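This is the structure, below, for whatever I ask next.
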Amino acid sequence: MHIYRRNIFYYETDRMQVVHHSNYIRWMEEARIACLDALGVCYAELEAKGIISPVLSVECHYRSMSRFGETFRVETKLTEVTRVSYSLSYRIYDDATGELRADGTSSHCFINEKGRPISLAKKEPELYERVCRAVEPES
Amino acid sequence: MHIYRRNIFYYETDRMQVVHHSNYIRWMEEARIACLDALGVCYAELEAKGIISPVLSVECHYRSMSRFGETFRVETKLTEVTRVSYSLSYRIYDDATGELRADGTSSHCFINEKGRPISLAKKEPELYERVCRAVEPES
Amino acid sequence: MHIYRRNIFYYETDRMQVVHHSNYIRWMEEARIACLDALGVCYAELEAKGIISPVLSVECHYRSMSRFGETFRVETKLTEVTRVSYSLSYRIYDDATGELRADGTSSHCFINEKGRPISLAKKEPELYERVCRAVEPES
Amino acid sequence: MHIYRRNIFYYETDRMQVVHHSNYIRWMEEARIACLDALGVCYAELEAKGIISPVLSVECHYRSMSRFGETFRVETKLTEVTRVSYSLSYRIYDDATGELRADGTSSHCFINEKGRPISLAKKEPELYERVCRAVEPES
């Protein structure tokens, strides 16, 4: 499990005086990139090699509201890796109180710059192995 | 079914040269508000009356990529209404070609300004009836 | 002068219950692209030809606050065009009341895909002439 | 001078493959809030007391382009404080190379929840003094 934390930005709130729900999807991306980075997979380098990893689907369940002034914490798990795709689950908490803010999932594939699906296992076997070893199936 | 259309903004794209996936969640909100408006439910007025309608969950499946220069079209259906909640489904297309870009759902409840769940059926029976009549169950 | 209008989106507001100031900078971009389009300069096509037009500077003065439920109107003027750059001024109004929300300026250059400055006059003389004829010096 | 640093997020880039210019305005806000915080002025608390500090104007000059994978650093100076307003200047750098990305300014006033201008000097004399002592006039 990887942990990602940061302060909430003022511009992330909306007129309901809480964080706009679309920003949780962005936080999940921030957490995913930090999680991959912690596994030694530098997202910017991956793209520099022509390996792109778009989102196939996202899902988010909102449990309580986040406010400006708070720090959020995302607990990210890599739940599945195949040769051509991977999935993650996220639990977002208020860092101070531990209150669950949201939980969600995302799934991703690998494509090249022409948009064709590629196998990470073939292209980057060493990276692929490392990512595979990090998988924690959803309990 | 309600139809919502607009041009894609430059700032909605990312370095993959396509629209960032989080923006589809925002488009779903734009479409939801336009859809409610077409049913005579003005979201700004609703909030002025102290009826707030936060997002409980969202889900989005990305099918193809959107680019700057395109116009997108969202087809929105109200799929379920209860006294305290409602759900919608969305299909997002490239308006020119009809290619499916994404499909998704969102669910919402009604709360008052203190964050307590409220019954739209009780608070605004006339609105509630109108919204109920617009329901189109998912086929 | 070019006129651009649209509804304010919910997610453009912040916890102050008004539109976040950074979004005016985005509205200026939307208006600029619509303004160029009205002059027959399609921004997406320009980029497809390898002509990129980054922002050199922006400035915005906030005069009154915009709220969800309102429609804004941007009046855009092309105030200066040289062979390698151009500037615009913007006045943003509440469309219903005509109240001035903000006014600002932006300036831009032309570069190629390697980031080198290019002359629009040389690369696209016909476009350049058209844009020049549209200049309205600031009064 | 206050220093604020963070990684660039993927969703902050645009199809030009660099950070969209509107995000620098948001970075200036992040830096301003961190700068005030370092002076013992907690923005969330200020708002909880009914003291709101909207933006009167912003200005930004873009010097070079920021990319995903980089860390930016904002050097923020409080350049002027009056009883009812304050101004800041910002210099944004690539943290690794020290290359200047942008420089800008913002000015702000204080209002109450009804939108009326208020004097920080009167409302929060102790805070006001602290902020005054932090002023570094632009050289």
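To keep things simple, chains are lettered A, B, C and D as they appear, and every chain counts its residues starting from 1.
Note that in this section contacts are C-beta pairs under 8 Å (C-beta built on N, C-alpha and C of every residue); 3 or more make two chains touch, one makes a residue touch a chain.
Predicted model, so just to flag it, every value in this text is computed and none were measured.
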Greatest separation from subunit D - chain, by CA centre: B
Chain pair with the higher count of C-beta pairs in contact (C-D, B-C): C-D
Chain centre separation in whole Å, for subunit D relative to subunit B (CA means): 34
CA centroid of subunit C to CA centroid of subunit D, Å: 24
Centre distance in Å when subunit B and subunit C are each reduced to the mean of their C-alpha atoms: 28
Numbers and ranges of subunit D residues touching at least 2 other chains: 10-11, 15, 18, 22, 26, 29, 47, 67-68
Graph class of chain-chain contacts, one of line, ring, star, complete, other: complete
Residues of subunit B defined as touching subunit C within the complex: 6, 9-11, 26, 29-30, 33, 42-45, 47, 67-69
Residue ranges of subunit B in contact with subunit D within the complex: 10-11, 13-15, 17-18, 20, 22, 67-68
Subunit B-touching residues of subunit A, taken from the complex the two chains share: 15-16, 18, 21-23, 25-26, 29, 47, 52, 54-62, 65, 115
